[in-house]
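Mind having a look at this structure? Questions to follow.
Chains: A, B, C and D, in written order; residue numbering restarts at 1 for each.
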Amino acid sequence: MRVIVQEQAFDFAAEADRFSQGAGGAGAIVTFTGVVRDADAGGLAAMEIEHYPGMTQKALEEIATQAMTRWDLSDALVIHRHGRLEIGAQIMMVATAARHRVAAFEAAEFLMDYLKSRAPFWKKEILASGNTSWVAAKDADEDALNRWSQD
Amino acid sequence: MRVIVQEQAFDFAAEADRFSQGAGGAGAIVTFTGVVRDADAGGLAAMEIEHYPGMTQKALEEIATQAMTRWDLSDALVIHRHGRLEIGAQIMMVATAARHRVAAFEAAEFLMDYLKSRAPFWKKEILASGNTSWVAAKDADEDALNRWSQD
Amino acid sequence: MDIVYFAWVRERIGLPKERVETQAVTVMDLVTELKAREPRYEAAFADISALRVALDQELSEFDAPLEGVREVAFFPPMTGG
Amino acid sequence: MDIVYFAWVRERIGLPKERVETQAVTVMDLVTELKAREPRYEAAFADISALRVALDQELSEFDAPLEGVREVAFFPPMTGG
């Protein structure tokens, strides 16, 4: 399991390759990559991602450890960037490896849902107009978390 | 959209990289890779994948086109190998690109569920003992398809 | 009409492809004709629920008509992915 | 006790971090103290439902006790991924 929080770009292809090489015994590997895209209304110049340095690494490791256990993963990877990111830049990736596809998919979606709403990152849109606006949390993202709650 | 059926190995990292470079406007990219893993009871030497040459390309293109439309994908990729594959070899991959993560995940799972049960491939396990056995279709895979049926 | 077989259907019948002259109206009629030929066909088609059929490379049903069809394929449920 | 602020909470209050001496028993008590200080705190904490709190880098609740806590963080709902 690897969890990386960094400002600089990562090489998605190299990371995905390394991950798939090391995922011994897994029959199924899922990756998710988040990319800075233009705002729905257009006019985005860049994205600024703030995080909580003392908490981020620990929070991501807890989430990844949960996923490893719950879906019996053979490996998991989380990379998340912070700082200023231009349109088209890769923000983050997760990768999961499991014996079967359902576990690999579910674990990746679980990681994404938790990253969206529970990892201490905050996105700010920097518009070409010079205006900035903090991205609001979506109710749909909060709802997405509920499906993973265990009784 | 690209659909490739081939005997030779593909370069997952290069394909994933090319796909992510070309997925203009997408905020979310999901990949799935299937790898030959040992049989549940152990003792696998290799996997032999037979396919129906006249039908395979067409069937995969239809499935990929459905996914593109239904989830408004900016791109989709399906690569599937046939022939003899050793343990650890990559069998196939799919990749999907969409504005939002839920669409990218759903489309990738849809593609996988359809590939599992509707694309004309048949897997045969070649055991170290010299025995061979055709992999049986799983009821769970058939059930997985039903969630995508639209009224 | 060409008939093609895949996976254990091919192995059980012992050939990947053959050409038949038939007046069969539906796929099921064709299956009945084939089963009457020899025990290996009888064995391969013993349990129709374990088989799938494609007509001219499109998945189809056993009650589908064969009129105009050039290639019939019989095979077990697919196991791709 | 250190208090840290992130995103628009940081911007509204105008600083990323400060050290406070407080007898507050719960997070809510601390919020009440801060709001009484200045309008910018009043503004930042006006709608508690729009805020999240972490105690010593663990997500927590506003009714949680502060005893033994070294760092309190206030921020809006997270938007990672």
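Just so we're on the same page, contacts are C-beta pairs under 8 Å (C-beta built on N, C-alpha and C of every residue); 3 or more make two chains touch, one makes a residue touch a chain.
Note that the coordinates shown come from a computational prediction; the quantities given were computed from them, not determined experimentally.
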Fewest touch steps from subunit B to subunit C? 1
Any idea how many Å lie between the Cα centroids of subunit C and subunit D? 71
Just curious, how far off is subunit D from subunit B if you go by their C-alpha centres, in Å? 48
Once you find the CA centre of subunit A and the CA centre of subunit D, what distance in Å lies between them? 26
Counting only residues that touch at least 2 other chains, which ones in subunit D make the list? 81
Flagged in subunit A as touching 2+ other chains are 34, 101, 112
By the document's touch rule, what are all the touching chain pairs in this structure? A-B, A-D, B-C
Taking the touch rule as given, give the residues of subunit B at its contact with subunit A in the complex, in rising order. 12-14, 16-17, 20, 23, 25-38, 90, 99, 101-102, 104-105, 108-109, 112, 116, 144
With touch defined as at the start, can you tell me which subunit D residues reach subunit A in the complex? 4, 6-8, 10, 54, 57-59, 71, 73, 75-81
Given the complex, residues on subunit B that touch subunit C span 34, 50-52, 54-55, 58-59, 80, 91-92, 112, 115-124, 134-137, 142
